[in-house]
Every structure is written in structure tokens, then in C-alpha cells.
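Following are the structures in question.
The two complexes that follow have chain A in common; it is paired with chain B in the first and with chain C in the second.
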Partner chain A sequence: MALSTHTTPSGFLLPSIHSAPPFFTEQPNPNTQAHLTEQWIRLILTYARHRRLFILRVEDAEVPGGDWDEILRNERINRRVPPSYISSLMAGMIAKNVAVYEPPKQTRAVMLYWRLPEEWADVLHSWATATGQLNTILTFYEISDPPIPSPLSDIPIPLLRRAITILMRSNRAQIIGVADGEGVRFFAATK
Partner chain B sequence: MGSSQSTPKVTAHDRAILDLKLQRDKLKQYQKKIQVVLDREHEIAKAHLATGQKDRAVIALRRRKYQQSLLLKTDSQLENLEQLVSTIEFSLIEVSVLHGLKQGNEVLQEIHREMSIESVEKLMDETQEAREYQREIGDLLANRLTNDEEGAVQEELRALQAEALGQAEPEVRMDLPSPPSSLPLLSPPEGQGSSRLLRSRDPHISAEVQQTSPTTNREQVAMLG
Partner chain C sequence: MHRGVGLAAFDREQVSQRFAELSSELSKTQVDHLQSQLTQFQTALSHFAQTHRDSIRSDPTFRHAFQQMCASIGVDPLAGPRKGGWWAEMLGLGDWQYELGVQIVDVCVSTRERNGGVIEIGELVHMVSRLRNVESGVITEEDVIRSIRTLQPLGAGYEVLDVGGGKKMVRSVVKELDADQAVVLAEAQLVGGRIVEEILENRRGWTRDRARAALENMLLRDGLCWLDSQDEHYGKAYWVPSAMHWDE
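== the complex of A and B ==
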């Protein structure tokens, strides 16, 4: 059958390679496999950005019904990504610094960097500036679950913390800790 | 982290606000939880009704009602908290406005100190003196003009004024009585004709005749104009 692109129900355009059965298995030739890994990583990150997904688990390949079904499975050619393949793709993403194990010290789930923490830091700071929340104390919950949807809605707290740490290095944020939890305060850029 | 030099210190105020906000977040999360329970109880009641266990459905609905009242209570608490938070934040802004006003006032005082009333008065006096001095010089220079020159100036002024009024001038002259157009002396009485004719050549009369011509000319000019 001819390989063609396919639009998923969520409106994501799958590349034509997604309709090729070999795409769903690890290839013995290391060059071919390196190329395929590249394709997979790009596919996973663009899909994550499209759906605003932050976490990829090995489990997503094992059980159907998750957020990732649209790309980890292709019912039209009756293929799915085996969990072992997902694990090695995760390792590949971590090697390329576009994901980290989250929580650390396990290999079953990764947090995806479809925006690098540095980019998130910029997004965070411009959001705070645009909404007039500089010099105001904000809770993490307030940022990741704002009443009005923002570019930061649903951001995982560890990623948020990373972005804030980057802002702290340039004196654009300050973390305030109390017994009950933590808050952050943003400042205008000094330069 | 070397971030202490430009970021402000965390004050007790900040901690209090953060505490309040964290409480608010907790309430929000609690509300979410209750909402989930509410939906769940609703489903349970539906399922019980479907299987015909009416009393169980009623119990589920009762529980649901209780959760609903909790939700309402947390709503009012949330409102209180949010009001408090915004009041505090507003007061902080007021404090900063006050601080700004204070600083502005200090600057103003500083400026006023440099600009005391005495020095201003002195300065104004000096200015006044300088102005008077200037006027004296002006007077002195003006007095250098001789009376002749002054007369010439006045003459020039008059000429300029006349020029400006040039248009109105002829109409004023129009009011002059027009001289007689016919010479009654041309029909001489008998006997004295020669002497009358002689008189008609009298310089006085000829002057009269001469005078008529410029007026008529002027009339013509006025008509043309």
C-alpha cells in the first residue's frame, strides 16, 4: 500500500513514514536505526507540543487508551510500538537532551522538553509580564493551573521549577519558601 | 546563588501573602475533589435507580447534597481569602504609592532649599535693576536724536498714515461745494459789456475756472476707482 500522511482525530498530521510497518520495530542496521530514532523523536516531540503532553511512559505503549495512542499505534497497518522500543527511544531522547527521567532514578517515564527549560523560562517570564504579575507572589499551583488558560497551563511542577531556576540565575525570579509550600516572585529584566 | 544583591529581601509580608495564596490553592483543590465526588455520587444514584434500589439512590443523593453544601461553604471561604489577598496586595500598592509620594516630597523640598524666597527676591530685584538700567540706556540713546530728526520721524509717520488712508482720501474731498458750471457773465448786460468781459478775464474768476478742473478730474478718478 502507498505510504501517505494521515490526519488523526485530534487534528495531528502524521508523516507518511508512520504508515510504514518497519517504522514500528527496531532495525538491526545501526545507521538505519539512528535515522529512525531521529524520526521518532521528532514525531513524539511535535505530537507532544500539539496535544500539550509533558510525560511519556513506557506504559503508554503497553496499554491502549492513553494520550499517546494516535502515534504509538497504527491500527490501519495493525502495528504498535513495543515497550522495549519506547524504552530505547526514551534513552535516545535523554541522550539528545530533549527529555529527562521524571521522577529521576527510574526509566519508566520521561518528561519531554518540546520546549527547552530555557525556552520555558522565557515563556514564563513573558507571561508574568504580559499579565502584570511582576513583583507579585505567585504559587506554583496558580501558574500551572490558572483560571484563564495560559501557555503554562498544566506545566509539570519539576519543569516549572527548572524554568524558575534559570530565571533566578539572571535575577528575574525569586523563590519564597514557607512551611506550607513555595511561591515565586518575578522581576523585570535588569538589562 | 549570587542573586541577593538585586532581588529584594523576602519579608514577613511576602510570607503571609504566600501563606494565604497557598491556602487559597488548597481550597481550590478541595473544591475540585468535591466536584469529583459530586459527579460520582450522581452516577451512583443513577446506577441504583437503574437497578431499582430506590433507597440506596436516595442515600447517594443525600450524600451528594451534603457535599454540595460543603462546596458552597468553601466558596464563601474562598471568597473571603481572595478578598483578603487582594486587600493586602492593594495595601502594598498603597504603601508603595505613599513611598513614592514621600520621595517626591523630599526631592521637592531639596529643590526648594536651593531656591529660597530670599534668593528669589534678590534675583528679582537684580533683574528689576538690570531692566531699569537698560531703560536708562535706551532713554539716553533716544535723547541723542535732535529735534529736527524727531520732526522728520513724525513727518514720515504722517506720510505712512496718509498712505494707509489713501483710499478714503478722495471721498472726503467730494464734500466740497462744486463751483458753478456756467459763467453767468457770458450774457453781458447792455452798455457795460466790454467792462464785464474784461472782468471775466479777472484773475480771480480765471482762478475759479481753473479750480473746477481738478475737482472734475477727481470726480472722474473716483468714478473710475
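== the complex of A and C ==
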């Protein structure tokens, strides 16, 4: 049996390791597991970027039919990632700063950083600049759910808030209270 | 009565001097002859090197024939009076071999996490070929084995293991593989990597304990195999990554 790459219905190219049955078992040898954790993290983040998925839950490994089936399951070899394994992969991602528990103080769901908050800050500022929205007040929802799809469509509010906080440090944004919650005003980059 | 040295004695002295002259002349001729033969050989060799240099470096069949020729006349293509040997110097073969050695190390080190430091030689050849961006068949198993031999003075523990059934594996970690592990590697090769205790019991007549000990050591101690706890038939199976066929 040759282990080969496979293109999913959503157009994602799975690496050949995804067709190796033991890839779906947490390994007792720590060195082996460290290597496989790296492979899994890379796979999860590239898939998340491909599908623009921001949240991964233990539930996604428990019940089929979710957004993550294409990578958490491999029907061709009849394997799936057990929920306990996805929990430790989440912990591994948090240790590497590519995810955070969201909401905090629980361990059943993580918010994925397939772009780091610093990178999102740049994306956000460039988008505001390019669409001529500097110096005007925007609500968070106008950013995460814009009328015209943008690179920020569907960004979770906690992630958006982190990106704005980063821009505030360099005086490129300001959070303002508005009638139905919070808004933000972006400024051109200053020296 | 005292007689002085006679004519005969004078002659004797002259004769022996003549002989000495003749002998040194003869050996000088021989030395000259040898020297000219050597020069001729060197010219022929450098001519050969110039003519066939490219073929030796690029054509595996030719390289094989050349190396066989060297072996049959007792010349080591990599050894010689100067650094790297003069065959090596003229052919650039030494560089080629060392370069291949570096790439072998590269592949072994970069796949070590995956396979625990043991790689099937066919896969190694394939990956080195890909690294050099050459078609398969340009680099042969024999080239790889020879390069690994040149790595020996480094003491990094690179070794070619014969696991039986004509299968060879290259070990890149300083770790002795015991006889049982070699058997497991060989059996895993035959079935595409998946191995369970039953296979070793049925095919090798091992006891369950012996099979389990060998597999658990490879899994936990050496990192030479991976665990699959969702196996349809046995619930638990061991997979040897160096015996799995990776299409990448």
C-alpha cells in the first residue's frame, strides 16, 4: 500500500502522511510524538487557512459532519483522530503560540492563529487604508461582516480586538464607544 | 722476492670497472624505460580521464564498469599519493563521492525524526536523486553504499545493514540494532510497514513475549516504529515508517 497525497472535495491537498494509519494515534514515544505533533499543527493551520476556519473544538473530533471532517477523518483508511488526541494537539498549538483557548479558562475550543495577531493587525490596517476608511468610526461588526467580502470576513471578535490593540500601541487605531457597543477608528501610520 | 702488481691485475681491475659501468648503464636504461612507461601511463590515464570524465560522473553503468576495473587491477579510485588520490583528482570522482556523502547525511538526518534513524536504501537513493534533481537510475545503490564507506572515518555510525531477502537499510544513528529488530525490519519490508505480534509468531516461530518485547523496544526505546491503536483486526498494530512506501 503506497501512501500518497489526496485532494479533498474542498480542493485541499492532504499530505501523504495523512494516509498512514498510525498518524491517527497519539504516540507513546515522546520524540516520535513531537515530530508528529509538528506535522499535525502544520496540517491544521494550512487547512484552517484554506477554509478560513478560526475555531477548532474537541467536539469536531467527537461528532462527524463538522467543518474539520476532511482532516480529522480519513474514510479511505477508516481512521479518525480521537477526541483525546485533538485535546493534546490543541495544547501543543498553545505551547507553540499558534492558538489560544477561546473563550479563556476552558480547554474544549481554541482560536487558531494561521495568521499571528501582529499579521492580522497589518492586514486590518492595510484594508482600512485601501478601502478609504481611515479616520472614520467602524463598528467591529462592520469589519468582521463587511458588505463586500474582505480578508477580514468572519474574523472572530476576540482576534480582531487583539489586532486593534496592537495597532493602538503604534497609534494607528483608537477604540471608541458607540451606541450599540464598540467601534474603532484607524489613523494613517505616523512616524 | 717481491713482485709488483702485474698487467693481469690491472686488467682485472679494469674489467670489473667496466662491468660496474655496464651494470649502472643497464639499470639506468631500465629506470628510464620505467619512467617513460609511467609517463605514458599517466598520459593515457589523463587522456582517459578527460575523455570519459563526464561519462564516469553521469553514467551509472560506465561508473560501475570503471570502478570494477579499478578494483580488478588493485587501484582504489579514491586513494593515491596526493590528497584525494590522483584518480580522484583527475576524474573529480572524489568530489562527486563526497558530495553524494553529504547529501546522504542530509537525507538521513532530515528523515530521522520520521524513521528513527533507519532508512530503506531504495528510499534513500530516491530521496538523494530528488535532492540532486536527477532522474532515477542515475545514482545507484552501489554509489550510495560506496559513499557511506567514505563517511566511516567520521565515526558518525553510518552503516549499511543487510536485513535479509536482498533488502538493505542504512542506519544513521550510533545504536546497535539487535538481531530481533533486524528481523522485524525485514518482515515489515515485506508487508509495507504494518507489523503485529502474530506475523512474527507465525512466520518466524517467535513466542508472543519475544515478539512483544522486540516491538515495544522499537516503539518506546528506539522510535523505530509508530503505534496504530485503530487497527481493524488486532486493535493494535506497529508501523515501521522506514518500510512504508511514501509517495511524495
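Everything below uses one rule, namely that the second predicted complex is superposed on the first by the 188 of 191 C-alpha atoms of A that agree within 3 Å, B and C clash if a C-alpha of one lies under 4 Å from a C-alpha of the other, contacts with A are read in each partner's own complex, and residues count from 1 in each chain.
Heads up, the rule we're going with is that a residue touches a chain if its C-beta (ideal position, glycine included) is under 8 Å from a C-beta of that chain, and two chains touch if they have at least 3 such contacts.
Quick caveat, the model's predicted, so the values are computed rather than measured.
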{"item": "First (chain B), second (chain C), both or neither touched by A:Arg169", "value": "first"}
{"item": "Which of chain B and chain C A:Ile137 touches, first, second, both or neither", "value": "first"}
{"item": "First, second, both or neither for A:Thr32, with chain B first and chain C second", "value": "second"}
{"item": "Touching partner for A:Pro22 - first (chain B), second (chain C), both, neither", "value": "second"}
{"item": "Touched partner set for A:Gly183, first chain B, second chain C, both or neither", "value": "first"}
{"item": "In the complex with chain A, residue positions of chain B that touch it", "value": "1, 3, 6-8, 10, 14-15, 17-19, 21-23, 25, 28-29, 89"}
{"item": "Residue numbers on chain A that touch chain C, as the complex places them", "value": "1-5, 15-16, 20-25, 27-29, 31-32, 34-36, 78-80"}
{"item": "Residues of chain A that touch chain B when the two form their complex", "value": "136-139, 141-142, 145, 168-169, 171, 174, 176, 178, 180-183, 185, 187, 190"}
{"item": "Residue ranges of chain C in contact with chain A within the complex", "value": "113-114, 116, 192, 194, 219-220, 223, 226-232, 237, 239, 241, 244-248"}
